């Protein structure tokens, strides 16, 4: 970490700042320039709060050279993490498709979709039992019953299941869930992340609507700091000014995250675009730039198609997406 | 709500859609145009999910004419809500300044600041006991001890206290807290909002970093739908591309929210700008455009000024801000 | 276009509005609902200013059903436009790579790069002669000399050339230029667009940093309305809050634009990310989701690598990117 | 400027970089840390391209300590610039209101508005003769006739006039115009800025929709570098995700710009919000935080109110805004 002091800082102020850095366990390398004094801070700066230092009257700028995340940092863990759950691997060259409905609605619905996506190549089943909705008046999910139905589908198809948690108090209900999803709106619900860090479940952590990649990695760090290193990162679109798509899918996050971290990265083209016609091209693009997996919404009931979201595919459409994604994977030698 | 059907929709499809709307308790007014059929949906459409309908293959566009929020809606509650807590009123012409440190750090710190801001005209004391930090390695607050210290400051000064909650399980610790703050990162932590809706505490709900005013009102609605109507809204800056300021303070939110809702609106110029030099002009601007209050960070310890954030004022600076704000309030006849 | 009138609008106000619509050449279909009157406007509404109508006191909302762009609209022109220039085709299944340096710097530089990228499969040569720079003190390009050097490279390699225009008065210098680029900062320089609409040059129109796809299409419309239909659209990253990348590449723009317009769409992964390591994965992703071409920055001078931007590849790196992109193209059967 | 080199950089690479900096006229101060070498660059770094240096393989980070703008920089020009035009002063404690219609439409319209706003306290008259419109099919202004009408209004009322230029070739038409406006979409039309830098007209430079304050200052620098230092900056709202307002007014730009530059700063609440009901509170807020002026849209024709935008006030409403703004100005002792 490099701190540049303002012009006119007195020796006393400088020394007081240096002593303070030293109490934080850092050694300080001083370089006096013509106009500015530059302090090089050496040691474990990951626990130093940059904003605090930048706020000091005597400091011009602070530049962090090392990243504030450690457990998630590829520099300290050069090999890809391979997350394994119920026989399915993600990361380190292993690719997995996760498919299923937005919400679990009924026994027949979830079993039918599960069978169908399993046949088409999905490795895991997703489905919402607890649904975060902007409005308190919208359908909030089947809760415990939804999880029961997912577990039945798991028994029948053998696929591990992925479902979202919204409250750490619900953890007992997730005992047999394979992958616990943290939704975009809870990405910085630090209390929830800490609780999940104390479990041994695989966590699928979605990027918040307006969160930087650094913040995503810091949230992964919350889970990992608790001892749980089984984290899968998920890019699902960020909020921009564009209106033809619901969000803007940031695919450059895939290679950028692969450079910064050893954790696997999956893409959710359904929520990212909010337009089912865009799911296939975006899934193919995600595979082409090296994503470790996809999470895709699939619905099955033509009679109730009325109630299915604009971002959801029919099972036969998912099969087509899966084939195209696999073609890309083969072409790039994966 | 107006739904425009696509060209080429069959009569059967149209009627099936209409029946479905009718099962939702709506009456449907049909207007056949040359190219498009337009359906006017009449009744309580606040529970209708616009995205679902927009996603239907046969629907071109949906336009909501009435707002999806009801309890918070000024149309159904034309008079300003006046929130009263410990003798302090906010809203309906009542203006209150809330001041205090970012984090509660020690007995002397909080008592000294509390006395000082009280003298300068602050009506309530703020201070963080549970701190949401991007990094798990940053200081997370004194927790229960922090709340104890705030309560001591309350006893001495008589000021009601405001402090942030991050976990509904901590509610017992907030028994004597006057105003519970929901931070920006938890604005869409719906499980927390529901729990707060079941309490009788005043809730200070901060707008999320990238949330629209409509989403802020829907989150207020979550609290109010549970029976707790004592909600104060707080604009604290939104995330944009600008880098000189930490966030961009959206002051037009003040008159816009006053039009949309009867709830009081306060401004947090400290977090919004992240620059202490901007707190005074932005506080004055907030008063000039009709804000119902301000929440301002104040620190007191020159020796430890090192550790105080860039957005924080000294007590004498706060006194100056308070005087200027009052000058504006008087000038506009408030 | 559907206009919903406010509750309480008088018959006189309504009729006055209707007459006004009729003077614009529209026929109006009236539907009286219980609370609202809905007007359906039929005819050529592309010239109607939605904002003006929305601003009227008596109007609740206006919804445009048809798009405001006509010449660029796929609805009126279902077949892909194939732009052909100097024997190179883009669009309608034809894919072209455009490569070259950020700025033309010298004879040797441009000739060497041109030969190299030509061998690696580039179909056109790009190079800046007029450079838009944020600072007036930065290098602004070689101007006329730069264009001369590009033309020499064209003579030697046979590749058509692409270079940016910043001022319509410079058009005479572009007489032998094959493709004229409009940069992101000039996307809404309507005076320039109008001038280019009067030429018969191929125009490469880059999306502005914070412009929607609709605005991009309206800018294309400015060129096409003048009679020049040879427009290639280019997505080059939009401005968001993310900081690891210079901009955020919006790849969903490729399939979305293909749905909205018949014009070809190319991707600029160099400027979009600002990070040369991300050019290859993003180029592959662009090919996978159906882009009609790529525009990539290549530099050649290891001794002067110092001065080359962070987003630029060496010729051998470009060759590798080109091979990977072709592999993707073949895999998806293109 | 501080450049931190990557770990493992060889002495030869380091020395080659240093020589290069020296050829740019900079002296270099070297500080070798345990892991990193830090170079302090001393001299006129305003002409150094940070991005180029950051892009070098051997450079970890670059931090600019001095600002890239010079003529506009308050550090080198501590006193406020007072722009004077036709007897009206802006800046340095002088406040001016600029009012008038969006577009000049007719003799009666502009004369009537001009008289009315003059009486209410406007110091200058604004009106569009060349209108930048998103769509080529929208009304583009009366052009030369519009300027003629403004000049008539000037003759009658004595008010200097402000109108927008879109093309440097139109400059002869602006001979008698007092203040030339550069619109948001042309803020980075550098060719236009350079031309205006060669004139002796007062320039009102509007911030682009998605431009940072630093970019705004760099655009001012383009004009000033040409010799014309009479620049007024204008904040008119930036593009965000919020939809209730057309843009988001960034009022913190006022005190922030006052710190960074000596140029006057005016606020356009009409375009910033796009909602006429918000013009008054935002104008008051702008005055409270120290803006040097306001530019406000006023329309006059109740019969044609139909065609006036949602952001425009009637003359009597403007009079009310002007009184409230003056009350604020007096209260804060200005």
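Each chain gets a letter, A, B, C and D, in the order it is written, and its residues are counted from 1.
In this text, a contact is a pair of C-beta atoms (placed from the backbone, for glycine too) under 8 Å apart; a residue touches a chain by one contact, two chains touch by 3 or more.
None of the values given here were measured: they were computed from a predicted structure.
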Farthest chain relative to subunit B (centres taken as mean CA coordinates): C
Of B-D and B-C, whichever chain pair has more C-beta contact pairs: B-D
CA centroid of subunit B to CA centroid of subunit D, Å: 31
Rounded Å distance between subunit C and subunit D, as computed from the means of their C-alpha atoms: 27
Mean-CA-position distance for subunit C and subunit B (Å): 39
Residues of subunit B touching at least two other chains: 210, 239-241
Residues of subunit B touching subunit A in the complex: 16-17, 20, 46-47, 49, 51-52, 54-57, 68-69, 132-139, 166-169, 185-186, 188-191, 194, 208-210, 215, 218, 221-222, 225, 239, 274, 276, 305-312
In the complex with subunit A, residue positions of subunit D that touch it: 2, 4, 29, 31, 33-36, 38, 40, 42, 60-61, 63, 65, 210, 239-241
Interfacial residue positions of subunit B with respect to subunit D in the complex: 210, 212-214, 238, 240-245, 248-252, 254-256, 259-260, 272-273, 275, 277-278, 281-282, 284-290, 324, 327-328, 330-332
